[in-house]
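Each of the next two complexes has chain A plus one other chain: chain B in the first, chain C in the second.
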Partner chain A sequence: MSEIIVVTSGKGGVGKTTTTANLGTGLASFGHKVVLVDADIGLRNLDVVMGLENRIVYDITDVTEGHCRLRQALIKDKRYEGLFLLPAAQTKDKTAVSPDQMKKLCADLAQEFEYVLIDCPAGIEQGFRNAIAGAQKAIVVTTPEVAAVRDADRVIGLLEAAELRNPALIINRIRPKMVRHGDMMGIEDIIDILAVDLLGVVPEDEQVVISTNRGEAVVCDERSRSGQAYRNIVRRIKGEAVPMMNLDDSGIFSRLRRIIGLR
Partner chain B sequence: MFEFLARVFGRETTASKNVAKERLRLVLVHDRAGVSPQLMETLKNELIKVISNYLEIDEKALEVTLETNEDQVALVASIPVRGMKRVSRELVSGI
Partner chain C sequence: MFYGEWNNDGFFRELLTVTPETKNNARELWLKKVRRPKEIDEMIDDNTILVRRTLRSGQKIHFDGNVVIVGDVNPGAEIVASGHIIVLGTLRGVVHAGASGDEQAAVLAFRLQPTQLRIANHITRPPDDESTGPEQPEIARIKDNVVTIEVFQSSDRSGNLI
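For the complex of A and B:
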């Protein structure tokens, strides 16, 4: 039984691609067979975030236009058994793929993979329509900002209109210290407004930037807070009941643990 | 400086997250309503249904809109009443 999940947000820059890369890598590290589909045609990015940019031969439009077989366009990530990427086209525009083609593509991939994760482009136009066309479930990524939450609300409405009910929310780049001081919306505030199920919360973490610079996924960094958060989300996707991580690390013990590198 | 003092003395209402949440709440009332004119139509029809149980109203002249003041969104309904219904009068006197 496979799952086809689209990762979307409405607003750009909230961490869709980073989230897709980390959830995919995380699922693969648990031994699952995973394919990541970059649906952001014209603005290919998932390849560089995954560190696979030098290995692209064919892309998604080569498959839909019949220039190559699906198998040929998939790039295998040599670091993880069972992790594959289907890259977006860089020189075409969003109309190069149709929703029907995406549906067929997703169905074909689901034959072979346990998880098909689709990285959706920002916006709510054709690219978004394509990306969600073949999905069975949706993950909405947002950050604790007014604009991002507003766009998430809009996207949730559109997903539900497209029969993708009960999307799950990931709140990304939260800063516990600012939340504590009342200068950033917290988890409850955002859930209160959006009224959806919470899949996970990822704290702001410089380690994400460092890992992405290297083309690695932070989910495999045992010591980082964001990596821990992503691992928790991966386990929740697998169906485990994992409690929400305690983000408040202001206590003396957490601080001590951090100082001696235990976390 | 004032904000700092306010924070020190625990005046939570000045916290910027509350401002953010309130602004979001207001903008979403409009976004959500604005997304589908169908929703307003459904709301209007259900209002007619409920009110007609008690009052005789002029359905054609009925207007329902969302109006925004500086910091509040209000549902404004203009409903011309033709008369009370006998049933409702009995209901009221029964109580």
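For the complex of A and C:
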């Protein structure tokens, strides 16, 4: 039984692509067959984040227009056997694909893969409608900022209208210290507004920038906190009950644990 | 028929295109409609376009002939040409020379750092380690059925450069 999950947010820059790449890589590291679909036609990024840009020959519009077979457009990951990418087109725009074509494409991919993860473009226009057309589940990514939460709320409403009920929420780039000082929205504040299930919280981490620029996924980094957060989310997607990570790293014990490498 | 005139120094000046703008300009320069001399005719390749700007991500040139870019080709930009591709700048995007099957086509760039380089039905990409090539013009073409990249030697007078 396969799952088709769209990763969306409304607002740009909150980490949809990073999240898609990390969840996909994480699921593949557990041995699952995973395909990542970049639905951001015209502004594709997922290939760059995955470090697969120079392998692209055919893209999603070549598949929908029948220039190539689906198999030919899929790019195998450098690291994991079961991980594939279907890249977006860069020289076209969102109108190059229709929601019906996306539905068919997702159904075809679901025949072969256990997880189909769709990286949605920012915004709520046609690109968004295309991205969600074939999905069965949705993950909404937000950051602890008023604007991002507002957009996430709007998107959750649109998802519900499109029969994608009860999306799961990922809060990205949280800074526990700022939350503690009351300078940043906390997890509870966000859940209060959005009233959806929390799938995970990813702390702000410089390591994300470093691995993203290298075309690697931080989820593979055993030592980074954001990588740990993504691994937990991956296990929750797989259906395991994993307790939320303790983000409070200021206590003497967690500091000590960090120093001796047990974090 | 083209617009042109002979200069005093015996040099032939002409305007190559026949768009309405060119016709207008030619009229203003008092250029006459003339038949092009045969030796110049032989030198001219009508099938080349000159692009005088940098191609950015998402911009694409698809042309049946040669393409010359005066500027850079950034990652995410794409050039598909049935002939040669020459970049007077840094080539970082995707290029496809000889796209209709011409194995003689070449790609030449001041700095050749393409995301992916295709000639006819050959597809190549740079190695995964991040070593950059030499800081000088390079040319890519098919030799013995493999895409080969060499430093461009303009002093090589053995024949056609590309």
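Observations
Simple rule for what comes next: the second predicted complex is superposed on the first by the 263 of 263 C-alpha atoms of A that agree within 3 Å, B and C clash if a C-alpha of one lies under 4 Å from a C-alpha of the other, contacts with A are read in each partner's own complex, and residues count from 1 in each chain.
The rule we apply is simple: contacts are C-beta pairs under 8 Å (C-beta built on N, C-alpha and C of every residue); 3 or more make two chains touch, one makes a residue touch a chain.
Because the structure is a prediction, the values reported are computed rather than measured.
On the superposed chain A, the two partners chain B and chain C both fit, without a clash.
Judged by the touch definition given at the top, the superposed model places A:179 against chain B, while chain C stays out of reach.
Here the apex is the CA centre of chain A, and the angle it makes with the centres of chain B and chain C after alignment on chain A is 120°, in steps of 10. Of the two partner chains placed around the shared chain by superposition, neither chain B nor chain C is touched by A:244.
In the overlay built on the shared chain, the residue A:107 is in contact with neither chain B nor chain C. Chain A is touched at more residues by one of its partners, and among chain B and chain C that partner is B. Contacts of A:157 after superposition: chain B is touched, whereas chain C is not reached.
By the touch criterion defined above, A:210 reaches neither chain B nor chain C.
After the two structures are overlaid on chain A, the closest C-alpha atoms of chain B and chain C sit 34 Å apart.
Touching of chain A by both chain B and chain C, each in its own complex, is seen for no residue at all.
Interface residues of chain A facing chain B in the complex, by the touch rule stated above, are 145-146, 149-150, 153-154, 157, 179, 181-186, 189, 192-193. Within the complex formed with chain A, the residues of chain B that make contact are 7, 12, 15-18, 20-21, 23-25, 27-28, 31-32, 35.
Chain contact summary for the complex, chain A toward chain C: residues 42-44, 48, 53-57, 78, 90-91.
Those residues of chain C lying in contact with chain A across their complex are 57-60, 75-76, 78, 94, 115-116, 123, 125-126, 128.
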